[in-house]
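Got some structures for you, see below.
The following pair of complexes shares a single chain, subunit A, combined with subunit B in the former and subunit C in the latter.
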Partner chain A sequence: MTGIVLDGIGKTFDGTRIFDDLSLSIRSGELIVFVGPSGCGKSTLLRLIAGLETATEGRIEIDGRDVTQSEPHDRGLSMVFQSYALYPHMTVQQNIAFALHTERLPRDEISARVAEAARILKIEPYLDRKPKALSGGQRQRVAIGRAIVREPKAFLFDEPLSNLDAALRADTRVEIAELHKRLGATMLYVTHDQVEAMTLADRIVVLKAGRIMQIGTPHDLYTAPANTFVAQFIGSPRMNLLPCEQMDSTRIRLPGGSIEIPSLPCRPAQIGIRPEDLNLVAPTEGRLRGQVVLTEYLGADRCVHIDLGEVRVTLRDAGSSPKIARDGEEVGLAFDPRRAHYFDAAGDAINVISVEAA
Partner chain B sequence: MKRASDILRILVFLAAALILNFPVIATLVTSLKSNAEIARNPGLWVEAPTLGNYAAIFDAAGRFDVWTFLNSSLVAAAIGTILPIIVCFPAAWVMARRGVGAAILFPATVNLRTLPLIVFAIPLYIMYQSLGLLDTRLGLGLILAVVNLPIALLILVNTIRDLPVDLEEAARMDGASLPTLLLRIVLPLCRPGLVTVFILGFITAWNEFLFGLMLTTRDAVPITVGASFFFASGGGGVEWGVAAAIIVIAAAPPVVLGLFMYRHIGGSMTTGAVKG
Partner chain C sequence: MTRPARLENAILTAPLVVFLLLLLGFPTILDLVYAVSEVRFETLRSPSFAGLSNFTAVLGDPEFWRATWFSLRFAIVTALAECALGLFLAVYLAPLLRRAPWLLAILIMPMIVAPAMMGLMYRLVLHEFIGPLPNLLYAWFGTSPGFLTAQNVFTTIVVIETLQWTPFALLLFHMAYQSIPEDIREAAAVDGTRSWRLLTRIELPLMLPTIGVALFVRFIDGFRVFDNIWTLTGTGPGGSTTSLAIYIYVAFFRAGEIGEAVAASIMLFGAAFVLLFAAARWSTRGVR
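Let's look at the complex of A and B:
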């Protein structure tokens, strides 16, 4: 159970600056998810913590000990690779036991620990098989088994689910969450999938081009995104962003209509509205007017895509909604301005506490 | 109709196989003929098969002891094959993974193979003379190792480059020291490359003639050079039957090795290591 502290991390790779003065503190027992689009540096960050890459500047501390220059195995961490990286010439048993052999543990302790890991992950029937005789899901379990058997200070997961099919991915996600509860261990998890991030994380670190855009609980990120990047990255379908223009002291013009906000702290340049915060109303009633382009029926939900002149928005409501939205139909859109998100020209959130509905 | 085309196809295959393997077949057949029959019957059919030529070879003693030739070839070829693997494996890993020597040393070493071997002859002879390596199996093995080194390095560097780096990173996370990493993880995964190097190297070393001729005289004469002694062993003209038989004996070990090891060449060790 370990806290991990990154202090002023810089990393240059072949002359390219990847991180600049990145600082982050991870609490003991926390499951923290690094999420971001590909190339944002999330895997590199994990590899820096693992010791597979060396930071150009800054300090990494694990449990209060400076490990910036330590070898990977001296950091007491386990890693689950995206590719699983199982040793193909060894049986499952030997794969899991390998790290314990390098630690020169007594034989009976090794077999006891391997048996315990196999029991937790339900891979006992495959212990004598080679990795090539296993399915993708089974290989994934062996890779996790290899990580837990070392009883590490923290677990590092590098996109562990991305090679599994959709159904297995959802199941394994739940298993990893259960494993985290059961072991109470610190876990660092890298993914590009915001659903994985939202469902697993105690806290999420959103990265973009090597910079931390926001750190917070899934709830924080969803309800109070710090900028338009986080606003659009978290949540599916993504948040609608509407350019806006101040008409007078209380009115804001939006594509397809306008809203009245009596006390605006400063001038927003964009308004963000989650698809589920938009309501379908008669064309004359709503704050905004537009034309239905397409409806996607998803069973429990449906997504209605609506053209508001130059921008297109997505609305999500219940699949069983009695309101019919035919393609090409003129509709009105209602929303509560208190649930909307306001951003300045740079894309940073404006504190919305003082914004009240007209 | 189908049968006729099948028969035709088999005939064509047979003809092609016969033409391509004619030298081998002719040698094999000649080795089973008596001298009288060789003079009388140049065809591929043996009228009275005999092992007399083989018996003559194994009966010969002293300077013509075929067991000494075979033994020398085996020892020298083993040294010339295994030594480059021992030397090149760690070097190949460092070149492939750390990039050390990848820019100059690697291409320079591989290019050694393009030099005609005769270039080494005179300096090598003088060096061996002063080191006492002339006419020793070790001396012959060492130069065969130099002959095999470039191809061994080339194959092993490429084999290691093709291994997923993840496996080595996983081993580092698992606390493997560098020797453990190389011996327990990388070496077993390189098996297809190692087998290829071993077979190609052994065949090259076994069939080598130039250095065998130049550097050995009596104690360490390899079978390739020893075989040539038999051509004139009758004193007068060439004894074709004995010559054919010694060629068969000399060629057999690498052929047998190739047949048994062939299925180990190529193929991937890393199936199941990464991805689903």
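Let's look at the complex of A and C:
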């Protein structure tokens, strides 16, 4: 079982600063997901831990050992690449066994471990095939098999599901989660897909432009985002952000209406409401008033897009909701201010001690 | 195959066939006629049929076998030396070439020198009386190995050929080495693979098709060697540098044994064809 510590990591690439004083502590046995838009540095962070890139400043510790200057082959990790990176001239069997032969394990042990990995990943029928005779999903399993046979200190996954189609991606996601439960190993997982992050992670690290925006459990990130970036990145459809203006000590004005909020430590500049926290009501009721633009029916859910004058918000409710929202119709929107999120002008969350319903 | 597809193939290959016929058809027919004829320069237009006597004469000539053995030995030794050296340079210089790709242009410069000029150049450089290299060796060590003596001449021309054509192998291997996806190397590195094992178990096997092609091309080129040896030593002391091409040339132009020269060239062509066919079979099997 392995903990990984990053301490004051800085990285400069051709004069471009990617990380500046980034610190992070990963607990043993944890599945931690690095998520963020492309270019946020999440893959670079993984490659720094793997040793494929060298940090300009700072320390990396694996299992209490300083590995900042160690070569990748000395770090005892396994990595699954987005491109799978299988050895094209070897069969599946040879691909999986390669690292074990490198370690000079006894032959019986190698074949036992390969057989076990093949059984877990259900790739036994393809053991004698070359990678190019496999489908994307099968290659993905071989890449995972190659990682698990080594019994590494930690697993690194670099967007492993990006090249799979949607159905296979969902299945493989579940299998990776099961694998994590079964092995109890430390896993670091990079993705740009917030659904993967939410479903897999023990903790999520949200990155933007090389900076950690928030670290927390999926539940923390969803219910208490630290800033507007995390608020809008996690959750689909995105959280609605409405600019607001303090009218007097207890009321704030929103596009399409106003609400009463008694005690906030400072003045909010934006208020965030999750689509599922908005309710459709009659135009005369509710806190906000707007016009329906479009309804997307998704079966279990539906998303209603509503114009509030200068901003547009999304509302999500049950697909079976009896309230019909015709395009162009005037509607009212109700929500509970206690379930709303308040942000200051810089976009950071305002810690709401007690917000009473108006 | 369906009829339209066959028609398509015929149309697509027609220009090539016409081109080959124009280029090779007439000389080939002429060769075949001369090979079975008694012909000299005076009777070029009226050859008289001589059966297979040219072939038996060539096969019975020890000089022919000596020349064949020379070409074979020269081709194998130079192909192996060039590929081994080229492979070493491609791998060893890879980090340098990645940072400064223009260095490759300098490294392949020997390839742009005409082989005949190369032979002439070394004829001057290595000349026992006027050549700068033997003179320097005499001045410094009081002795010189005698580069062009019957004893050393084979080694000398092998070295000259290797110096000129190693860059060709280097170029091929450099391309093959660079085209190995970086993530495969990275996957191996994270998997605990050190650089020697990476080279022998992953990089070299992935370069194997290129190594096969390079060996084959250099073997063919070495086997048909003519110009640099001809300008350097001619047939060499005691005929010691008579390659098969030089043998045919001498038989044709010096001795005027046109029929025998052409018969030898046809046998050379036959051998090359068999070799090419075998290589093609081998390489397609390797792909599967």
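As a convention for this text, the second predicted complex is superposed on the first by the 358 of 358 C-alpha atoms of A that agree within 3 Å, B and C clash if a C-alpha of one lies under 4 Å from a C-alpha of the other, contacts with A are read in each partner's own complex, and residues count from 1 in each chain.
The working rule: a residue touches a chain if its C-beta (ideal position, glycine included) is under 8 Å from a C-beta of that chain, and two chains touch if they have at least 3 such contacts.
Predicted model only: the values in this text are computed from it and were never measured.
Superposition note: with subunit A as the common reference, subunit B and subunit C are in steric clash.
When both complexes are overlaid on chain A, the residue A:163 reaches subunit B alone and has no touch with subunit C.
When the shared chain is aligned, subunit B and subunit C each come close enough to touch A:78.
Once the two complexes are laid over each other on the shared chain, residue contacts for A:251 go to neither subunit B nor subunit C.
Contacts of A:133 after superposition: subunit B is touched, whereas subunit C is not reached.
More residues of subunit A lie in touch with B than with the remaining chain of the pair subunit B and subunit C.
In the superposed model, A:302 makes contact with neither subunit B nor subunit C. Once chain A of one complex is fitted onto chain A of the other, the partner contacts of A:339 are absent, as it touches neither subunit B nor subunit C. In the superposition on chain A, A:99 makes contact with both subunit B and subunit C. Shared interface residues of subunit A, touching subunit B in one complex and subunit C in the other, are 50-52, 71-73, 77-79, 81, 83, 85-89, 98-99, 102-103, 146, 150. Residue ranges on subunit A touching subunit C, taken from their complex, read 50-52, 71-73, 75-79, 81, 83, 85-89, 98-99, 102-103, 146, 150, 156. The part of subunit C that touches subunit A in the complex is made up of residues 181, 183-184, 186-194, 197, 201-202, 205-206, 208. Residues of subunit B touching subunit A in their complex: 164, 166-167, 169-177, 180, 184-185, 188-189, 269-276. On the subunit A side of its complex with subunit B, the touching residues are 50-52, 71-73, 77-79, 81-89, 98-99, 102-103, 130-136, 139, 146, 150, 163-164.
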